[in-house]
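The structures considered in this document are given below.
Shared chain: chain A. Partners: chain B in the first complex, chain C in the second.
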Partner chain A sequence: MHVPDGFLDAPTSVTTGIVAVAGVALALRRSRGDLDDRVAPLAGLVATFVFAAQMLNFPVATGTSGHLLGGALAAVLVGPWTATLCITVVLLVQALVFADGGLTALGTNVTLMALVGVWVGWLVFALVRRVLPSRARSVPVAAAIGALLSVPVAAAVFAALFVLGGTAPVPAGTLFGAMITWHVVIGIGEAVITYLVVSAVMSVRPDLVHGAQHLPTGRSTSADRESVTP
Partner chain B sequence: MAGSHHHALAHHGRSWLQAMPAHLKILATLLFVIAVVATPREAIWAFGVHALLLLGVILASRVPLRHLAPRLLIEVPFVIFAALMPFVATGPRVDIGPLTLSEPGLWGAWNLLAKGTLGVGASLLLAATTQPADIVSGLARLRLPAQLVLILGFMVRYADVISGQLQAMRVARESRGFRGGGLRSWPVLASTAGALFIRSYERGERVHLAMLSRGHDGHMHVEPIAVVLRAWLIAMTLPLAAAVVLVAAMVSR
Partner chain C sequence: MKQRISTRTLVLGGLAVCLLLAAIVSFWVSGHPDGLEHVAETLGFADSAGDHGSAGSPFADYGTKGVDSGFLSGGLAGVVGVLLTGALMWLLLRLVVRRRD
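The block that comes next holds the complex of A and B.
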């Protein structure tokens, strides 16, 4: 579930809004050179995929529901800066067109999913990638571990925000317990999907995977492949 | 596949709201929701007035309520959360019938239900009267940074490409005897997702190269449109009325 209007009090919403604007502004600056003719369509496609994945909601105990975040997948495919922008766009569309997530809670949702989700996923991915052997097969594994951890961390940050600025006093222990337990389960689903999509893309177009740029592979362009596939 | 420019959420009837510039509608929706969220939750009457204002605009827009009502289901997860709040929240308890409920929990539930529902209603009306492509150009007019508009534009374009591609792959899978269900079908579905990703990307890549060769420079050029004062006044009626309610609610506290 995305945070709706009226869920967190005004100071918390405004603070997360400032955090979100600062994070997105930084991502805009850092990704300026990245969004070239190759990355721009990929960023749009990643946004569409994440959008579809986030529409699947699973009910979670104590009445909340959870869904896939897609942050780690986006970060591995297009890099964390562009991924931040992709998820921000997804959240904007969901709030404006699908009424999923409140407009005044957009800052909160961007902070949770576009900043925490993407960056935790990316940092875990980068750490695991360093530990694993430098091979193409390590990339999906590292991506899956990043996805696995990014979901419960985002859920924990959400629970912390609710304890700080929720509009009703809910015992912190119950909330953290329920949110984190269930989001570990969702994280497993997220890890499986991230692993499968990243390995599928790695096997055909490793040049499209930002998280595989360190690998010494020959890049195949779509022009080469066009001549092979009918 | 790419023929349809329609969208599942948009209402295809006639409504004068459809003709209003998208950026005015986005701005009006945003301001209305801010006014609603800022209204103190103790002023219960104020939310009734907010709801009447929104309902008035919906009726005036001639978007049928039976188009909007089923789409309110998007809020089911947080309605369940709201329903549980009085039971799990702490603080002084009150007796309501056979139940002993938390008073702050009840206020929290009311706050969430009232503000959340009004927010969803306003966004649904915006979606029903605005095509996704117009939302993209509307956001561009509202000075959304160019990179975000670029990604957003691709996303809106890809939505149709992907659903068409997925449909074609489903037909291909089933004509080879595939039946879904169970863990065994997961690898097949996963390779579908991977193949879908690459095929959609390569289509999008060709489209993008075609756009570049026709002079696309990464910016979306929106021609300035003259917005007459009357359109501004009409668009801002709802947020202004909501702001009056907000001030009245703050004063009467």
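The block that comes next holds the complex of A and C.
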């Protein structure tokens, strides 16, 4: 859902630019609390994976495709603050080097994918996690539900921005309907990929997964580690 | 919970998967417009997209300028993107990460 240059008028793009800068600045400060040199390598890997996965458009219906946004995935693996940084780096590289997502739309794309996508994914994940049994197998399930919802919500926010500051007259109801319908379908793909990747990381390094910290043996201390792995 | 592999193995294995996806698997992906592009075409606002400011980049649109083979052109762009994203994130992390002591 990379927004190109020209879709939104200047005031709207400036506004989303300010929102994006504020969000990323806050994420730079707050991510320090979640990041230490033990979990940092996973954060690097998450950004790299989201870039690679966004190259892979999967077909969703005749003539249409979708790709991972990765917000929920990143948030569950490295926490929402660090995830905001990961997705922002991906969007920067895509806009500057690959001409994917407009330069004047960079603030819009950061707002939609690095803020809305990440935080909706994280909040839904956190809610679902409370309802599910407190065990490792619940983490990828909650992550998938967060992923599923994050995509249509980001799409709805785009529709709202376009209604406010779009450069072409489009009936609001039709735009919301079309954006949400297509992105619910894309959200299913997002959920499947998120489930598989979170499951994979949980199976090899559950101790690094931010969204599994609440589990009794989540972030094992060195003492736990000795007792668990002889 | 059990740590089955070291962080080093995780990062190297993960990077290998990313390179495989971006350089090779990406060749067979759907070329159809994505959800937003499709909606823009259907509702008739696709034309309001302007020319991209980075259209002159040697890797614009995930191809490599001057490389004729579609497979190599896209594959090279994928490798560049993965390494560039990883490097940029690594630099950022160096600024942000606190050391455990």
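The rule we apply is simple: the second predicted complex is superposed on the first by the 203 of 230 C-alpha atoms of A that agree within 3 Å, B and C clash if a C-alpha of one lies under 4 Å from a C-alpha of the other, contacts with A are read in each partner's own complex, and residues count from 1 in each chain.
Here, a contact is a pair of C-beta atoms (placed from the backbone, for glycine too) under 8 Å apart; a residue touches a chain by one contact, two chains touch by 3 or more.
Values in this document were obtained by computation on a predicted structure and should not be read as measured data.
After superposition on chain A, the partners chain B and chain C collide with one another.
Within the superposed three-chain model, A:Ala136 lies in touch with chain C and out of touch with chain B [touch as defined at top]. When the two structures are aligned on the shared chain, A:Leu196 is found in touch with chain B, with no touch to chain C.
Of the two partner chains, neither chain B nor chain C is touched by A:Pro11.
Contacts of A:Asp207 after superposition: chain C is touched, whereas chain B is not reached. Set against each other, chain B and chain C touch different numbers of residues in chain A, with C touching more.
Looking at the shared chain after the overlay, A:Phe49 reaches both chain B and chain C.
Clashing C-alpha atoms between chain B and chain C turn up only in stretch 74-82, chosen from 74-82, 92-100, 182-190 or 236-244, once the structures are aligned on chain A. Residues 1, 4-7, 28, 31-32, 35, 37-38, 40-45, 47-49, 51-52, 57, 59, 63-65, 85-86, 89-90, 92-93, 95-100, 102-104, 166-168, 170, 174, 201, 203-205, 208 of chain A touch chain B in one complex and chain C in the other.
Against chain C, the residues of chain A that register as touching in their complex are 1-7, 28, 31-32, 35-38, 40-45, 47-49, 51-53, 55-60, 63-67, 85-86, 89-90, 92-100, 102-104, 136, 155, 158, 162, 166-168, 170, 174-175, 178-179, 182-183, 185-186, 201, 203-208, 212, 215, 217-218, 220, 225, 228-229. Those residues of chain C whose C-beta lies close enough to touch chain A in the complex are 1-5, 7, 10-11, 14-15, 17-19, 21-22, 25-26, 29-36, 38-40, 42-45, 47-55, 57, 59-62, 77-78, 80-82, 84-86, 88-90, 92-93, 96-100. Of all the residues in chain B, the ones that touch chain A in their complex are 9, 26, 29-30, 33-34, 36-38, 41, 71, 74-75, 77-78, 80-85, 88-91, 102, 104-105, 107-109, 111-112, 114-116, 118-121, 123-124, 126-127, 132, 135, 139, 145, 147-148, 150-155, 157-159, 162, 190-191, 193-195, 197-198, 200-202, 204-209, 212, 218. Residues of chain A touching chain B in their complex: 1, 4-7, 10, 13, 24, 28, 31-32, 35, 37-38, 40-45, 47-49, 51-52, 57, 59, 62-65, 85-86, 88-90, 92-93, 95-100, 102-104, 166-171, 174, 193, 196-197, 199-201, 203-205, 208, 222.
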